Amino acid sequence: MLKKIPPIITPELMKIMMEMGHGDEIVFADGNFPSAAYAKRLVRCDGHTVTELLEAILPFFPLDTYAQHSVGLMSVVPGDTVVPTIWDEYKQVIAAYDGKEAKIEFIERFDFYERAKKAYAIVSTSESALYANIILKKGVVVD
Amino acid sequence: MLKKIPPIITPELMKIMMEMGHGDEIVFADGNFPSAAYAKRLVRCDGHTVTELLEAILPFFPLDTYAQHSVGLMSVVPGDTVVPTIWDEYKQVIAAYDGKEAKIEFIERFDFYERAKKAYAIVSTSESALYANIILKKGVVVD
Amino acid sequence: MLKKIPPIITPELMKIMMEMGHGDEIVFADGNFPSAAYAKRLVRCDGHTVTELLEAILPFFPLDTYAQHSVGLMSVVPGDTVVPTIWDEYKQVIAAYDGKEAKIEFIERFDFYERAKKAYAIVSTSESALYANIILKKGVVVD
Amino acid sequence: MLKKIPPIITPELMKIMMEMGHGDEIVFADGNFPSAAYAKRLVRCDGHTVTELLEAILPFFPLDTYAQHSVGLMSVVPGDTVVPTIWDEYKQVIAAYDGKEAKIEFIERFDFYERAKKAYAIVSTSESALYANIILKKGVVVD
Amino acid sequence: MLKKIPPIITPELMKIMMEMGHGDEIVFADGNFPSAAYAKRLVRCDGHTVTELLEAILPFFPLDTYAQHSVGLMSVVPGDTVVPTIWDEYKQVIAAYDGKEAKIEFIERFDFYERAKKAYAIVSTSESALYANIILKKGVVVD
Amino acid sequence: MLKKIPPIITPELMKIMMEMGHGDEIVFADGNFPSAAYAKRLVRCDGHTVTELLEAILPFFPLDTYAQHSVGLMSVVPGDTVVPTIWDEYKQVIAAYDGKEAKIEFIERFDFYERAKKAYAIVSTSESALYANIILKKGVVVD
Amino acid sequence: MLKKIPPIITPELMKIMMEMGHGDEIVFADGNFPSAAYAKRLVRCDGHTVTELLEAILPFFPLDTYAQHSVGLMSVVPGDTVVPTIWDEYKQVIAAYDGKEAKIEFIERFDFYERAKKAYAIVSTSESALYANIILKKGVVVD
Amino acid sequence: MLKKIPPIITPELMKIMMEMGHGDEIVFADGNFPSAAYAKRLVRCDGHTVTELLEAILPFFPLDTYAQHSVGLMSVVPGDTVVPTIWDEYKQVIAAYDGKEAKIEFIERFDFYERAKKAYAIVSTSESALYANIILKKGVVVD
Amino acid sequence: MLKKIPPIITPELMKIMMEMGHGDEIVFADGNFPSAAYAKRLVRCDGHTVTELLEAILPFFPLDTYAQHSVGLMSVVPGDTVVPTIWDEYKQVIAAYDGKEAKIEFIERFDFYERAKKAYAIVSTSESALYANIILKKGVVVD
Amino acid sequence: MLKKIPPIITPELMKIMMEMGHGDEIVFADGNFPSAAYAKRLVRCDGHTVTELLEAILPFFPLDTYAQHSVGLMSVVPGDTVVPTIWDEYKQVIAAYDGKEAKIEFIERFDFYERAKKAYAIVSTSESALYANIILKKGVVVD
């Protein structure tokens, strides 16, 4: 543990976020996502929700302001009537830390899997909400 | 995730507990314990308390009924006036899952470090209570 | 060994099943299947039958209820007159633990090999029945 | 699987037995033995009994005829009234395959642990009988 | 060394043959074959002939009875007048251990190389006869 | 790079500082220190001074307030007339970030080497000042 | 540290530059470049600027005099009005050490990424200037 | 060092040459060749010339007598007026040890690179002559 | 295979003998010797006798002429009436290749084991003669 | 290869010398020294003499000016009448590059071996002179 770093952030997760550059993507996946099968680099955060983790990392992690979208969500499968209320939670956290509305891209389920495969890392959580997987695209740190 | 397994238990932690045998010890360490320096096998559970983890693992993990003590706690350093209330929490959890009072050994600080070095594994948590490190000695599984 | 976990489940197999996510597949292969040649992750369970293993893992392992089929069997090669009675055994075990009839897909032999190559893991057994290889697709764990 | 090799013998176990030389020792440990903590080389045979394994390997594995004892058992802890009937089973299997009475050494519990640490390999089983751990000392293969 | 296992079989070779399944192939290559360049798994048997090895392994290794051919030989390059007498030796050994005539496929030189690349293992010998490379396809072990 | 983390801190250094616990030590070594020979974990920061690094890490890294000394410096070798002015720089930086005077232990040269060997990590710099090696003992992070 | 070698050059960077041959490329990347994601071999030089590193390595590193271009820069994205003054700095350093004007190729952003992926190594810096990534193509050392 | 083996041959080079089979190729590359970038297996012989190495290895290394060419040289780039006198040196060494004129293939520069990538090994020297890279194709050892 | 190198010498064995220096020892062990348990570096030569190997390696391997003994044999255990005729075979081979009588040291069985543990390598054979283990101490190669 | 770095210095040797610190030792060993058996880090320079290497590295490698001796040689074994003329060569090279007479320590043969074991690295050459092994103790690089 260090001062100013929330204890929920594992040393490996911090290292990975520091290594990432402009345009690299990180996925925060729910508890049923096939994270171990798809991840280039896997960070396990068993027992935590995605929102807890977003709140911890967003003070450090800049979102991409150049790209058209800096946040990716899995779009509801056609025919599914679920309304993912977790998205509002995500939007609030992002707005709170990033100071502006998130630029969100909705990604079809299988396209989402392909994006996850190419992401720099996947953080597996125990999030139990539906449609709770989220991709963040890293932005630029300026002096 | 699997049915009947609490999501807070990481796959690696479950594997390690299954591998352990009679008399092997596992340490659940607080957030300031030098776990990475001392552990033969390290399982990180950043962001969690020790009690949360004990509640999750004790339904699976048998305590040693043969040994004089199946639980080790770090004894209060002479001169220190703190009264570790977390110990009561531990006793309750152990009693609840194990059906009997924990047989506790109090271990001097530096002896505790030596025991931790020899333990089969150390689970590092973000527990912030004082004197919150605990050693469990594994017992026997009978049919 | 742990309480509540059948001893036939190896620590590695438990870890692998916990790591798997929604849609990931696991193959339980008979003793003559080329498991070592095809497996991304190989778990050896020499000396056991597939049915013994299914009985042990199904209380933990959820089958996919979203996919059209959650179970895959190798279809009888055209011209072969064998009637694989082992399938009835599998259906009974699955029905007993999953509470409903298995949704079975029959897969042509060489397609089965391709599926096995892509599976998250292959569990090699010493099952001696014919047409005894089986693929399980993992479902979702809900609270 | 190969002809003439019982399927319960894993490829790794066969390789290890072939590598062993005169005087090297192998431990067949019960399900509660701390095998993973002590083994130089660990072979997991979860779900099997020690007797099943002895029956499979003794046609191949020569016992030491030069040493005073070729078999080691853990002696009953003083005060313990248990009578390990499994020992008779072991003696019968050894006599059947080796053609003569086993030369058995009884080893005090903690000395047994030390011997296990130095053994060439430990085979972990799910044997549930008491005092069921056994050490075999390898003999010489003659033309 | 073990009883009943010819000493020429290395522990690694035995392990590899046990791991192989139905349809997997193993190449016994002569001393000039580029084994190290092509092998997925390489077993060196320097100083031995192919025939010595076939005699040792065929009592254990079942040939495929389902496939059209269970044995592959490199066909004589067009224009080459050599008559590979070693083939008769191979046929005799196979007939002796397998109880029936070998079903031999003749493979063009460069096709043979491609098959060797995909084989489960290549065993490199010091065989000096011409056209002495041989592929065996593993069959099924039945109770 | 991340927001709020000085770019001079490498991802590996941050990870290591997060992994360290109460009482673990880290050495910031000058450019001529035999860091690679002694380090359990080596972090290279070629081209930087020790002071630059202390300024970057001290906002995150708590010094031990329990131990008698939280900072170690190599004492001037008897007979050497050098007065290490770099020490004043270190004291100022520590006082600035830690809010109190550093509790410094002066360590004889060869004892210093032994301490460095046991430290959790050594950070090698290109610091060119004399007697510029410094050991920091990690303290406790409290809520 | 060695005589005649600037301390900013890490041992790993020197080794890599020595290993490179005629036509191999090395990228010096700014602090936001996704170096860890793209590099075959990654050298971290956190806390330094690209210019500092160029000044250190150019006395040793020959630029390619055979190729049409020995230096690559990322061309300004169409529509972007920034004028990268850092380029003048690079040109001066190259001219100073190489004795002639740099032969510069301007590379479209995504082509630059592809070149970086194929480069022998990427050196990640904390350079904060815009359009500051630079590729050097290694030339020939003559007696 | 061994009797009858020239000391310039490294243990690794000898092992690699022994492992190679009929048709495998080895490249002896000059000091500016990008050997580390292209080699499947790299043997460094810094400080030596190609000719010194050829003289040492040719008494052991048979050239291919079956292939149309057993030696490959990089053809002079069109427009380049250099006359590679080193080739005569190579021809003499090969003739001296192989007893007949070398069958040389001239390979266009970029085709040469592709061949080098596929070679069993590349030996990097400090040869400073132009057009000094050479490929040897291994032949057959006969009794 | 190479010209002038007997095919029975494996590439790894040749590499190991080349790496050894003055005073380093190599053990050629019989088929029942616990080679895998004791060897720092193990070379398997299954299926061969020790004499075959000595004949192959002695033209290359210099025996130590400085040490009091350059050859070690295991002395007959007191009470054992066996007369190891294999020793005469060894003496003849050594005399033939080394040009003088071997300077033999007889080593008590357990001292022999200790020597084997410290040897640079152990070569395991399938030699079946009694008391057939032999240690060679490497000498100096002179121009 | 790089400008200003002699080609005889391998990339690995340069890296190792850069990593070494004040007081670390490096051994340049002759061709019969048991380098591979004793080295923590081994750099092979087969085919070269020690003097060639000293000439190449001494412009970069500072000798220790603080220690009583910065150079170690193996003292002539009592009774041996050889006069190692190579020492004069070494003294000349050291004086030429270091600008002053070498401070030489003569080390008894077995003490030399112990020093070599603890050295940061051993460079194995093919030097054939007697008593040609030499230890250099690294000094300090000052601005």
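The letters A, B, C, D, E, F, G, H, I and J name the chains in turn, as written, and every chain counts its residues from 1.
Throughout what follows, a residue touches a chain if its C-beta (ideal position, glycine included) is under 8 Å from a C-beta of that chain, and two chains touch if they have at least 3 such contacts.
Predicted, not measured: the structure shown is a model, and the values here were computed from it.
Undergrad: Could you tell me which chains are in contact with chain E and with chain H alike?
TA: I
Undergrad: Quick check for you: after a Cα superposition of chain B on chain D, what is the rotation angle, between 0 and 180°, in steps of 5?
TA: My answer is 70 degrees for the C-alpha fit.
Undergrad: Of the chain pairs H-I and H-J, which one is connected by the greater count of C-beta contacts?
TA: It is H-I, judged by the count of C-beta pairs in contact.
Undergrad: So what's the Cα centroid distance for chain I and chain J, whole Å?
TA: The separation of the two C-alpha centroids amounts to 32 Å.
Undergrad: Would you kindly tell me how far, in whole Å, the mean C-alpha position of chain J lies from that of chain B?
TA: Inter-chain centre distance comes to 52 Å.
Undergrad: Please compute the C-alpha centroid of chain A, do the same for chain J, then give the distance between them in whole Å.
TA: 54
Undergrad: Chain B to chain C: how many Å between their CA centres?
TA: Those two chain centres are 35 Å apart.
Undergrad: What residues in chain F touch two or more of the other chains?
TA: 1, 7, 9-12, 19, 31-32, 141
Undergrad: What chain-chain pairs meet the touch criterion?
TA: Contact pairs between chains: A-B, A-C, A-F, A-G, B-C, B-D, B-F, C-D, C-E, D-E, D-I, E-H, E-I, F-G, F-J, G-H, G-J, H-I, H-J, I-J.
Undergrad: Of all residues in chain H, which touch chain G in the complex?
TA: Interface residues on chain H, with respect to chain G: 31-37, 128.
Undergrad: For a test of understanding, state which residues of chain E touch chain I in their complex under the given definition.
TA: 1, 6-12, 31-32, 44-48, 52, 126
Undergrad: For chain F, which residues count as touching chain A in their complex?
TA: On the chain F side, the touching residues are 1-5, 7, 9-12, 14-19, 59-62, 141.
Undergrad: Taking the touch rule as given, give the residues of chain A at its contact with chain G in the complex, in rising order.
TA: 19-24, 120, 140-143
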